[in-house]
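Paired with subunit B in one complex and with subunit C in the other, subunit A is shared by the two complexes that follow.
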Partner chain A sequence: MNALLSIEDLTVQYRTRNGYSLAVEDVNLEIKNGEIFGLVGESGSGKSTLGKAIVKLLPVSAEIPAGKIFFKNRDIITLSEQTINNEIRGKEISMVLQNPQNALNPVFKVGTQLVDVLYFKNNKKIKRKNLKQDAIEMLKKTGISDPEYRFEEYPHQFSGGMKQRVLLAMAFISHPSLLIADEPTTALDVTIEAQILALLKDLVREYGTSILYITHDLGVVSEITDRIAVMYAGKIVESAKTDDLFDEPLHPYTKALLKCLPGYSSKEQLATIPGQVPNLNNKPTGCNFCPRCDYCFALCQKEEPRLREYKADHSVACFLYNQEEKEEAEVEDEKVNEKEGA
Partner chain B sequence: MALVEIDNLKTYFHKKNSIFHKMLDKGPLTVRAVDGISFAVDKKDTFALVGESGCGKTTVARSVLRLVEPDAGSIKFKGKDIYNFTKQEIKEFRRNAQLILQDPRSSLNPRLIVEELISEPFYIHGLVDNDFDLLNRVWDLLDTVGLSKRFSELFPHELSGGQARRVGIARALALKPEFIVCDEPTSGLDVSIMSAVLNLMQELQDKYDLTYLWISHNLQVVRHISNKIGVMYLGKLVELGNSEKIFSNPLHPYTKALFSSIHRVEDRKKNKREILPGEVPSPINPPKGCSFNPRCKYRMEICPKKEPQLEEESENQLVSCWLYNQP
Partner chain C sequence: MFVYISKRLLWVIPTLLAVLFLLFSLTYLLPGDPADIILGPRATEEMAQDLRERLGLDRPWYEGYIDYIRSILRGDLGVSIFRNRPVFNVVMEVLPYTLALTFAGMGLAVFNGIIIGLLAASYQDSWLDSLLTFISFLTASTPTYIASVLIIVVFSVNLNLLPSIGLGEGGLLNSLYYLIGPAVALSIGWTGYIARLTRSSMLETLESDFIQTEKSFGLPSYYIIYKYALKKAVKPIIAVVGLGIGRLLGGAVFVEVIFTRPGLGRLIVNSIYERDLPLVRGGVLVAALLFVLANLLADISYAYFDPRIKQE
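On to the complex of A and B.
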């Protein structure tokens, strides 16, 4: 297995008052070494839940009834909390969250928080003052000017973009093999976003870290990722190399999503997707996207399409691209029609 | 005649001096949120103000609606200065100019149902004849924004982001205004919902001859919806004019850098991206001369010394930069 992370048939559900709500359902994905993998979807599609499941940071109301998460050939789900804390979190897998304002502790100096990562990574064996130099070095690498001075400052003295740089420094300081970036630039201005993305690319090149980049911004994802998976209502509906996906989107949902983006010159009407994301407590039978799909036919309402490889490195979960099953269903339909006719 | 004319608007916020500050004798602290802005919005136009956070876009919007008192300059609505309005005229203006706020859900009172939320403006302006008429009007409004009658019974927390946004639009439309200020109306919405909201707002503009002042930092949206734009930096307009023209040929170095940092699906194979170094300086103590000069890669000798003025470079495109205006 050359994959760094491979997720097999993962299902995550939340206990709610109205029964279980399936946030992630039968997800399969693989992230290779040194790859930037984009996970795209609208709010409520389960992308953040998937990200949290990988580091086992799900809230108590969440359960994982099925599936495996292999990270460097170890199944994370079966590992104990202590092993994960000592060996995985912050060392092998780091995370950068959406809101830089809330991710830093306001009562500790930025430098202290940064050194803490190294201190605990070395199991408290090295004294903090001996780690300071490494931390300052890291701050410098993330483009913070005058790092010795800023090391002694508190988070409120940093701007949003600077805080995100500090968080990236915290994530990369332990040289992780995988970084989970959950919408790291949504709270930032475009010019700062461009700075952060450029920095992220540099750091990946330097450390060879793989990234799981979770976002709803198709523009950002198109530029920095190598491969993309599109999620809809807890399932991956399409997964492909970035260029293939944008050159030739297959799934009707991906197509519709791309059409919704405000284009450049045309002042015409934008395309919309009618209807709403299905209720996760009570998903429709058959394909989740079926009620909103333009191409929906009889089979879609009955059975659920599985993610299948359509061509090399391009999988899609849609009966339109699964000729055999489609034809079978059509034959069956005809039979039913004949019977009814007779 | 333009519907809204803004002439040399200056809105400053004066910070109260702390005792330490007085001891150090540094003089009054003034945040120059908007520092000399002039533009006009014609009827049925969509004028977009773009810029990074903290550049003063929202302060302009609030000044235009008479929600903050400017320090200097004038704002004319239909040819009359809004800060010289009589009480009666203010009431008329409040009906005629509406605001759509950024956060769809927190801009709705959580204790009122949608029907009450939408009928509130009618009560405030004393336009209620009988309750049955009012309910019909609420239903009509819900219908205009694409929601069914069923929604009139719901509380804001029962609505999705897109639905809450539609209720906000219905509230703004209730009194048949001519002018609507939209402060980041699509931020926080998913792509598919955003496109539906944009379509709706364009339809409504055609139907009711609305004029929008559109505040946004989403440049893709601005390009789609606006026909005129003003690019703001540190409380000043650096470029102003026809939207199509500016997007196809930005002149000011800041506009260029701003547009170049947009991530678009279509541009993914192009590799040149201009990354603007540094961050926006503090508006308490803006740089001397051109306020963009510390971050500008075309900086010349004159830039830190003298401030350029907004001058017409070509038809429908004004820019304030020494590269174009000879000193």
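On to the complex of A and C.
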């Protein structure tokens, strides 16, 4: 396998006043070279935590009690902060965060901030003034007109969409192998969103960068990703190629999410998923989605389904698609019924 | 930038007019006849009449006010009653000492305060942070006169390292040597205050989204703290320093009295005791002017730290 990033059994927990809350639980995923991988989930599903864990930028209250994150065959979790900063962050893996509005330092020129990323990428070996031309080229590539002039301007002179272009320039200027994009278009207008997505596709084509695209918006994911994983309450519940997932969603949660998309279902009224994401301090036993699920049966309340391959490249964590376990459970249920009947 | 500075400069005019009006009305706000109060019970009616004329009390107040403003514009601050010399000269004699003391004191406070605040913020919640927080609170709540007395007792009397009074004869070096004690005493309270301010402003800045961005792009943390965060965090510190310098210019009285140094603050206080009205007016006017200038400088230096102002 030519996996660029491979996450194995990763768990991330936050210390809180009421004990630990599991934000990410036993997550496995793999991103191949040049692939755009979508990670979809509601707020609080742990998708951003997962993104931050990859570059180890978690808040101090977070812990990683188990799991491995292999990036180019090195386990990031075991690397020192120094090594990650010098060799991974902004060099091999770049990250673009949610709200471009405050993501640039207001008191420094855009050009200065762009050049600094490159300066440290080159381990301070090339003088800043020799990097200016590269930075201007990069601004031009991200669709900023008159880049020589804009280079000298401050962030408040840029619109939200323009700031996101600058941030993408900062992300791509060091030719990273992986870009973690955490809801990069959520704060933008729909028209600007479409432009940024188109730009992202262009950049991927040019640099061959893989992307972990984190979002709650299935519409956006369908446009640009090759594969998708759906996260619910810290776990991946379904993972498939993008087309397969939209053609044949398996997990009840995925189905419900798709029904919430305008224009996906033929019903006039837009569907919603009743209930809330479970409290991470106090997850239900059995399947996390069970309390909100229309297909929930006895076994779901007792045991937690594991992510299993249903068919080639399409995995799901649901007992509905695991005939053996389902039948076993039904047999057991029958036995119980028989005993009660006798 | 030009527009911004011009705007700030224009604001100086109404401020100073208001100050002038208050100073002028001092004469009328004093209960009783100012001439009698100034001269005391043993003065003759002739002397009193003479003084009334000098103070312009024999004319309607608005005429006096216009005259007052006219003479101020000519640079004439009047004549001191008891020293019988132009107020301008009396004030200018003490001004260099006041400026030296204020800038030395504030300079020390800014330098030490920012270093303490930065250290505390970079090692947030460690034992060092707690220690520095304790020191900051201790210094911030030490009144200047206690700090002055402590310095004299410890460094002048017991250790015999620093002079306790005077300006020092001849030579710049000797003057600076005599300035150490007073400047340190003056700086102590402000050091703690600026340290607290720096710490909280830095911590707030370090929470910002753009710091997350800078981290995620792999900039080293020393670089993020001392270049990117510090420049953003420094703005409230400038505002406070501007106000502080202004306040110290006429308010370093305790230090001047305890270390027996001439200075503007001490001059104003003495002239109030002597009821030397022209000298009070002149001294306070110069102090107010310096206060306004210090704040003007702070406003202008904002522009360096905030590009939005620079573009105005």
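By our rule, the second predicted complex is superposed on the first by the 337 of 342 C-alpha atoms of A that agree within 3 Å, B and C clash if a C-alpha of one lies under 4 Å from a C-alpha of the other, contacts with A are read in each partner's own complex, and residues count from 1 in each chain.
Keep in mind that, in the parts below, a contact is a pair of C-beta atoms (placed from the backbone, for glycine too) under 8 Å apart; a residue touches a chain by one contact, two chains touch by 3 or more.
Nothing here was measured: the structure is a model prediction, and the numbers come from that model.
Engineer: Just from the overlay, do subunit B and subunit C fit on subunit A, or is there a clash?
Structural biologist: fit
Engineer: What angle, in steps of 10 degrees, lies at subunit A between subunit B and subunit C when each chain is taken as its C-alpha centre?
Structural biologist: Result: 70 degrees at the vertex subunit A.
Engineer: Pick one for A:V220: touches subunit B only (first), subunit C only (second), both, or neither.
Structural biologist: After superposition on chain A, A:V220 lies in contact with subunit B alone.
Engineer: For A:L258 in the superposed arrangement: first (subunit B), second (subunit C), both or neither?
Structural biologist: The first partner, subunit B, only.
Engineer: For A:R17, using the defined touch cut-off, is the partner it touches subunit B, subunit C, both, or neither? Pick first, second, both or neither.
Structural biologist: Neither: A:R17 stays clear of subunit B and subunit C.
Engineer: Quick one: is A:K125 in contact with subunit B, with subunit C, with both, or with neither? Answer first, second, both or neither.
Structural biologist: Touch status of A:K125: no partner.
Engineer: Examine A:N86 and indicate which partner it touches, taking first as subunit B and second as subunit C; both and neither are also allowed.
Structural biologist: A:N86 sits against subunit C, while subunit B stays out of touch.
Engineer: Least CA distance subunit B-subunit C after superposition, rounded to whole Å?
Structural biologist: 5
Engineer: So in the complex, the part of subunit A that touches subunit B is made up of which residues?
Structural biologist: Subunit A residues touching subunit B: 42-43, 159, 161-162, 189-195, 197-198, 216-220, 222-223, 242-243, 246, 256-258, 260-265, 267, 269-273, 276.
Engineer: Looking at the complex, which residues from subunit C come into contact with subunit A?
Structural biologist: Against subunit A, the touching part of subunit C is residues 208-210, 212-221, 223, 228, 231-232, 305-308, 311.
Engineer: Enumerate the contact residues on subunit A facing subunit C in the complex.
Structural biologist: 55, 57, 85-86, 88-91, 94-95, 97, 99, 101-109, 113, 116-117, 120-121, 154, 156-157, 167, 170-171, 174
Engineer: Going by the contact rule at the top, pick out the subunit B residues touching subunit A in the complex.
Structural biologist: Its residues touching subunit A are 52-53, 160-161, 190-192, 194-196, 198-199, 202, 217, 219-221, 223-225, 244, 247, 257-258, 260-269, 273, 275-277, 279.
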